[in-house]
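Below, each structure is written out as structure tokens.
Two complexes come next, and they have one chain in common, chain A, joined by chain B in the first and chain C in the second.
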Partner chain A sequence: MQLEELEAGSTALVVGPRRERRSFCLRHLATAGRTAVAVLPSDPAGTVGEYSRLGGKAPLTLLQGEEPAGEPAEEPPGVHVVDVTADSLPAVGEATLGTLEADGPGDPADRLWLAGLSELLERASVQQVYRLLYILSKHVREVDGVGLYALDGSVEPKTARILCQPLDYEVTLAPESAPEIRTLAGLPDDG
Partner chain B sequence: MTDEQEGSRVRVLIVEDERSLADLYGSWLAERYEVETAYDGESALAVYDETLDVVLLDRRLPGASGDRVLERIRDAGTDCRVAMVSAVTPDFDIYGMGFDDYLVKPVSREEVLDLVERLLRLNDYGEGLRRHFTLSSKLALLQEHKTEAELEDSEEYAALRAEMAELDRELTETVGEMSSADIGAVLRDA
Partner chain C sequence: MTDRGEGEEDPGSTFDDMADPTDGGPESTFHDITELLDGWSPDPEDRGIEVSRGVRDMLDDGLNAGATSRWDRDIVERRRGALAADVTVNGEIAVAILGSARIAAVSSIRSRLSLLGDRYNYLVVYWRDAAEDDGDARRLIERRTTARSLGVEAVSFVGAAEPAAGTPAAAGPFPLVGVVSRAAPVGLVLGVTVFVSTTGAVRGIDAIGRFPPLARAFVLASGLLFLFVLGLAAFLVR
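For the complex of A and B:
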């Protein structure tokens, strides 16, 4: 299946090289109409710059670990930075959901990029991470948003297959190739 | 959410050294739940077992402190939900403590009943998510070893997916009532 963009109300596991993952996810983040949220990006300063370069107009919230590789010198207009204890999956989950809901029920964030999924899998069980994706995906669908969960190639295929189950798409990226987007069975009542 | 879980009555342990207060909490909860009471930390640990669903725990206790009792309960690795009900105003030392909720005294009957209801709802949601993960693991395993045609023809595979759909509907009803703090508690359990 070839799609340029994922439709509103959908969630996807995004697999591929770091650069391609980042580019794909930021491109979607930049289409936010209300608020975009990036969770644990490895390069916060670069994330802000590329979001802007891609035409992102909506406010951007960055949830970053305490010692990010490239911390923005200051918060640019429209960018909100939230420090989170990246070692604790529950803390990341609480902060992410809290951020998604921060604007109130009528105006929740509509683009989510969980950039640090592979790192979370190093620190937490597969079941914990599964729960996090399930809960976030429920929220994203409810607000007609897009949720992207980025995974590097270090994760076992079996783990990736389990994490895919409650999601709508698996996106496989490769250098200089169009994204390969596979429709997943998803949750049965998601249609 | 149910007051009855899988046919057996929900068990609540109240740990409070002010006997009149412990008994008052007990009278509020006894109409709905099976209530145990302990007036110090050592007694609480003696009463505690894996059949308890909820513990309401004071922090300042003679003998083992409430914080110590909490550690021992968490070390036991059961699904029991624990709320601190204490006159101690929360400070930074709560970081890393494994409680699910915290009420500062004095507390009303309604607050205590709502607290226990919420903790039981967390239990239901956590159990639902555990089943969901199990079903997903099975589906992933079949998808790895069977062809799409084999999956389409399989009644068992269809049954697994139907079970997942039903479970998902149940979880959707619950998740709308949960806060981000609730989500943190659910994520800590897995």
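For the complex of A and C:
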């Protein structure tokens, strides 16, 4: 499956080494038509630079846990920085949902990259993180966006399988290899 | 999928808040589910999908009765697919709804539970039906299905009581009293037959007594072998 085939209204768990995850998700983020959102990226400044280099035209919102030392005080043009309490999963969730709401102050974001999923898993239970993905994915679908949730490759396979359940795809990345994109089965039955 | 009435958000709570026993945590939610299912029974008319819908709705109501924030709500979903649980809670806790247990189905039931153990961290098995003769099969499954054998954090069995539970026939893994009561008519017939043939038996024993020692040992060994085979057959049938 090619990059373009992650269709609007879909969500994916992106598993692999940090560099490959970042590269894959930023390439998707740069295709935003309305707004792109990066949640808890490890290097906000580098994220902004790479987004521009990849041709990202839409406004970029950065949700960062804490202001990194040496970061310029003013926001670059087209970039909106929001500080969140990274230790609070509901706070991260609410701030992210704020960027996806159709009735918010601006257009809802159509590209979401949750970069710090592995860090959230270190501080919260699998069930809490599942709730976060479930709620975010529901909103991503409602606004026809694309949601990418990046997870370190060292996480237990069973944990990855559990977190995949509310999502549409699992993307496995490896150095020097094409992304392996798997459609997920076992979807919930609404009836 | 159930997603009814997301509550007001409470972004101020933290991970520590969420570890509070009132929020539950994985272990606590698992026990809540076990208790809720233990006190619930489906409509006798319901089958298949209707039962799993009933379980989903009941768990959603029971688990989320006191939820004040959408981040506190437990996500209760009905799933489809041969490899999935019937109902899941927060993606991690699986509820498997099983019909009555038959000896012939033990292997397939254990295979299914093993598959679920590969996909979830907690497993609750709900026995939907109970048939009169499924007691031994249920005990066999429950005895051999442990958290360790499935590779999960915890597993529990709840649901319809066995109809024969509490009666002497189902009091243990080997229902001796039941076997004896069922065998009584057969024993009576056999007894009369033996009585009638007593004369012949005495004559037979008398004849064996006149055998050489080697022949007597052969007859004795044959008898013991017969009893051993009979005992082995009884054990395997059990």
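Assume the second predicted complex is superposed on the first by the 168 of 191 C-alpha atoms of A that agree within 3 Å, B and C clash if a C-alpha of one lies under 4 Å from a C-alpha of the other, contacts with A are read in each partner's own complex, and residues count from 1 in each chain.
To be clear about the criterion, contacts are C-beta pairs under 8 Å (C-beta built on N, C-alpha and C of every residue); 3 or more make two chains touch, one makes a residue touch a chain.
Please read all numbers here as calculations on a predicted model, not as lab measurements.
On the superposed chain A, the two partners chain B and chain C do not both fit; they clash.
In the superposed model, A:45 makes contact with neither chain B nor chain C.
In the superposed model, A:101 lies in contact with chain B only, and not with chain C.
In the superposed model, A:138 lies in contact with both chain B and chain C. When the shared chain is aligned, no partner comes close enough to touch A:81: not chain B, not chain C. Applying the stated contact rule after C-alpha superposition, one finds that A:54 touches neither chain B nor chain C.
Look at A:123: by the touch rule set out above, it reaches chain C but stays clear of chain B. By the document's definition of touching, neither partner reaches A:8: not chain B, not chain C. Across the two superposed structures, the residue set of chain A contacted by chain B and also by chain C is 89-91, 93-95, 124-125, 127-128, 130-132, 134-135, 138, 158, 161-162, 165-166, 185, 187-189.
The touching residues of chain A, when paired with chain B in their complex, are 89-91, 93-95, 97-98, 101, 124-125, 127-128, 130-132, 134-135, 138, 157-158, 161-162, 164-166, 185, 187-189. On chain B, the positions that touch chain A within their shared complex are 129-130, 132-133, 136-137, 139-141, 143-144, 161-162, 164-165, 168-169, 171-172, 175, 180-181, 183-188, 190.
The part of chain C that touches chain A in the complex is made up of residues 1, 3, 6, 9-15, 18-19, 25-26, 29, 49, 53, 69-71, 73, 75, 77-81, 83-84, 88, 90-93, 118-121. Those residues of chain A that touch chain C in the complex are listed here as 85, 87-91, 93-95, 123-128, 130-132, 134-135, 138, 158, 161-163, 165-166, 185-191.
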